[in-house]
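Some structures to go through are shown next.
Note that chain A is present in both complexes that follow, paired respectively with chain B and with chain C.
This part shows the complex of A and B:
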């Protein structure tokens, strides 16, 4: 039985709904070999800013029950380095490229977006939800007016499909989703890491190296929470929603799709298994065959009343 | 790059809270001393991340061991494994110790559970005709690891303990005072590594290498979790290569490459 796994996000066509989440893959070059990126729906690059960012000094990773905290602080080499070093490589791997962009100001977001031509990216994901930076990031994603401003500015700066990566720590996530939709977003990624922390009880201090002592929680621990957010946001907007949170197995992906997501992003699962997204994509396809599902559209929202 | 299944063939307990797991790999392994493997702990759900471990002893091309102290849920899981149990291993990863071009007077310094990467290094150095001395430091006598295993290679082993219950009383780095060396290779707690670095700077002893440890999620360079500040920004990255990755550019660094 042949199954049709193709999905569309605005004008973006993807072979399947399994993507790689920003910041969990860099650009894939660390694998040291050719990667069959054409077998994945898309890859979201490391969050990329106008100028290079150093990231957090101090502890950046801590394991927590069924998950992990990270406080990388968007260490990245900037958009020019991306254009010089990584576009050609990603194109050689036949990747569908979603460039994740970050900024400290609205203008910086727009400036990064404006530097990306259709040759350099197939879509842009606007990260207004990183919990580990002291400027930008989640400070845009938890303020409705700022969310509108950033989305508006990026929308006006590019003709590429715009995906807005929402913050999980807002009151009234649906309002943020609607605002992004109203200002021209083609899709929403729900969500980013959930702010969290851990305490080193011997040293009597926070584990993570950020000034606030906090980090972003990801992994299986967050999946039920984000799954409900996807469920809720899907009901609030008409644009596609991409589920991001604790996808480790193909079963997790199926849950997200059935909740209403049009695609999923595999994130920190890559840290424990470099082949995780490919394994998820294969498992999903096998599930469709087993269940006699010929088109991925039949799964999207299948659990909704 | 895919985690591979390895099998425990022997479980040793060299100290009350330390375990050495001898494991059988599916293929011949040829890791460099100082390289490491990411070992899965449990089903990867509750304990989500694999753990980085230097390999310790090499018994045959397919048979390597891992030595660790039981400190948390991950090492508790590993300590509970018995012969025939299976686990996932990914590696070898990272950059190991560079070997000298010819014979030298090599001194290895280990603190606490820092001995694993130095055992195979000692063997390689002996193979090059080096004169090898190992200095082992620990809190107390029962925590000194690797002494019989290193002595079995035929090298001189000196010990230091905080409480004086074995060898010199005081930091292991104090033993370096009376020893001539051309190359210095160290693995242990950060304070010990800083002391070794200071000695390297003072003598000076350019061929001094430190094996670092860091919390990391992936072990293969993509999470950027194990950042260590470079002494000089990476020229290839311009002014912006502030951090190196312990997993990728390390875990072994020359003493003057990083700020610790």
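This part shows the complex of A and C:
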């Protein structure tokens, strides 16, 4: 049985709905030399800023029950380094490229977006939700007016599809989703890591190296929470929603799709299983065959009343 | 800040050089006081691994528990590498938080590994004229035992274990050449003094907890000695993609990629949490 796994996000066409999440895949080389990137729906690059960022000094990783905390602080080498070092290689791999962008000001977001031509990226994911930086990041994603300003500025700076990565730690996430949609977002990623922390009981201090001692929780522990957010947000907007949080298996992906997501992103599952995104894509396709589902569209929102 | 990526010569596995495979535990045994040793049947891995490199190890079956760290795989130095037998081994502290499940792994258990990862000791480099002192603590002694076994050149080598070693170097090595000696010292101070008397001006390789290797690095730099040390950081991906193990001293490096064996000079200015 032939199954059609293709999805569309604005003008972006993807072979399948299984992407890799920003921050877990850098710019693709570390994993993409083992398995073909072209077999994935898309890859979201490391969050990339106008200038290089050093990231958090201190502990950046802590394992938690059924998950992990990270506090990378968006370390990256800047958009110019991305353009010089990575675009050509990613294009050689026939990867569908979603460049995740970050900034400390609205103007910085717009400036990064403006540097990306259709040669350099197939879409832009606007990260307004990183919990581990003191400037930018989640500051833009937890203030409705700032969300509007950032999305508006990026929308005006690029003709590429714009995906806005929402913060999970807001009241009324649907309102942020609607605001992003109203200001021109083509799709929404729901969501980023959930703020969390761990205490080193011997040292009597927070484990993570951020000034606040906190980090972002990801992994299976967050999946039920983010799944509910996807359920709620897809009811509030007309644009596609991409589920991001705790996808480690194809069954997780199917749940997100049935909740209303048009695609999923696999993140920290890579650390345990470097084949995870490819395994999820294959498992999803097999599920469609087993269930007699000819088009992925039949699964999207299938669990909704 | 200066990135140390691609600035250091030496063994550098290609991006595609690591394997993701399931292996069978060939032997599980308690060695030393509280140390557990696992021997894995890992033929392909054993032909690629080098001393000082590491691998990530986790259970083959993923089942999130209500408590206990079991989501990520955990990093271990190779304690032995035997391409002939198709085996590698690791040692770990049975009481470590990550060991809650591993300590019960028995012969026949199937485990998943990603490796070999990172840059190891330059065991196959051209022989240097200077003698070599290997100085380790805890699990670092195991990594150095693997290095000792892997050395291709016949320079005078002394291995010092600060505290009881979790594993002893292969006794057969001592028969290979009279130039290899092994010692147990009570403290780093004692080991350093004995090493200086036995091998003045020796190059130093150190492995173990970073508080320990950082002290070794400081001593070696103070005496103008060539020195390589292992560094530590919490590891998530192990392949350089997540930037979770980035450390900063004299420049920045990914512990899993530019490390875990680094020149002592890099540790200048390192702040430990």
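FYI, the second predicted complex is superposed on the first by the 301 of 305 C-alpha atoms of A that agree within 3 Å, B and C clash if a C-alpha of one lies under 4 Å from a C-alpha of the other, contacts with A are read in each partner's own complex, and residues count from 1 in each chain.
Basically, a contact is a pair of C-beta atoms (placed from the backbone, for glycine too) under 8 Å apart; a residue touches a chain by one contact, two chains touch by 3 or more.
Here the structure is a predicted model, which is why all the values come from computation and not from measurement.
S.K.: Should the pairing of chain B and chain C on chain A count as a clash or a fit in the superposition?
M.R.: clash
S.K.: Figure out whether A:70 sits in contact with chain B (first) or chain C (second), or with both, or with neither.
M.R.: both
S.K.: I'd like to know which partner A:34 touches here: chain B for first, chain C for second, both or neither.
M.R.: The second partner, chain C, only.
S.K.: According to the stated criteria, A:78 is in contact with first (chain B), second (chain C), both, or neither; which is it?
M.R.: So A:78 only meets chain B here.
S.K.: Which holds for A:55: it touches chain B only (first), chain C only (second), both, or neither?
M.R.: A:55: touches chain B and chain C.
S.K.: Output check: A:271 vs chain B and chain C. Expected answer is one of first, second, both, neither. What do you get?
M.R.: both
S.K.: Residue by residue on chain A, keep only those touching chain B in one complex and chain C in the other, then list them.
M.R.: Touching chain B and chain C on chain A: residues 24-26, 30-31, 33, 54-55, 57, 59-68, 70, 72, 75, 77, 219-220, 248, 268, 270-275.
S.K.: For chain B, which residues are in contact with chain A within the complex?
M.R.: 1-3, 40, 44-50, 74, 90, 215-218, 220-227, 229, 237-238, 240, 242-243, 248
S.K.: Touching residues of chain A toward chain C in the complex: what are they?
M.R.: That would be residues 23-26, 29-31, 33-34, 46, 54-55, 57-68, 70, 72, 75, 77, 203, 209, 219-221, 248, 268, 270-275 of chain A.
S.K.: Under the stated contact criterion, what part of chain A meets chain B in this complex?
M.R.: So the residues of chain A touching chain B come out as 24-26, 30-33, 52, 54-57, 59-68, 70, 72, 75, 77-78, 81, 219-220, 248, 268, 270-275.
S.K.: State the interface residues of chain C toward chain A in the complex, per the touch definition above.
M.R.: Touch list, chain C to chain A: 1, 3, 14-16, 20, 58, 62, 64-73, 98, 112, 114, 233-246, 248, 252, 271, 273.
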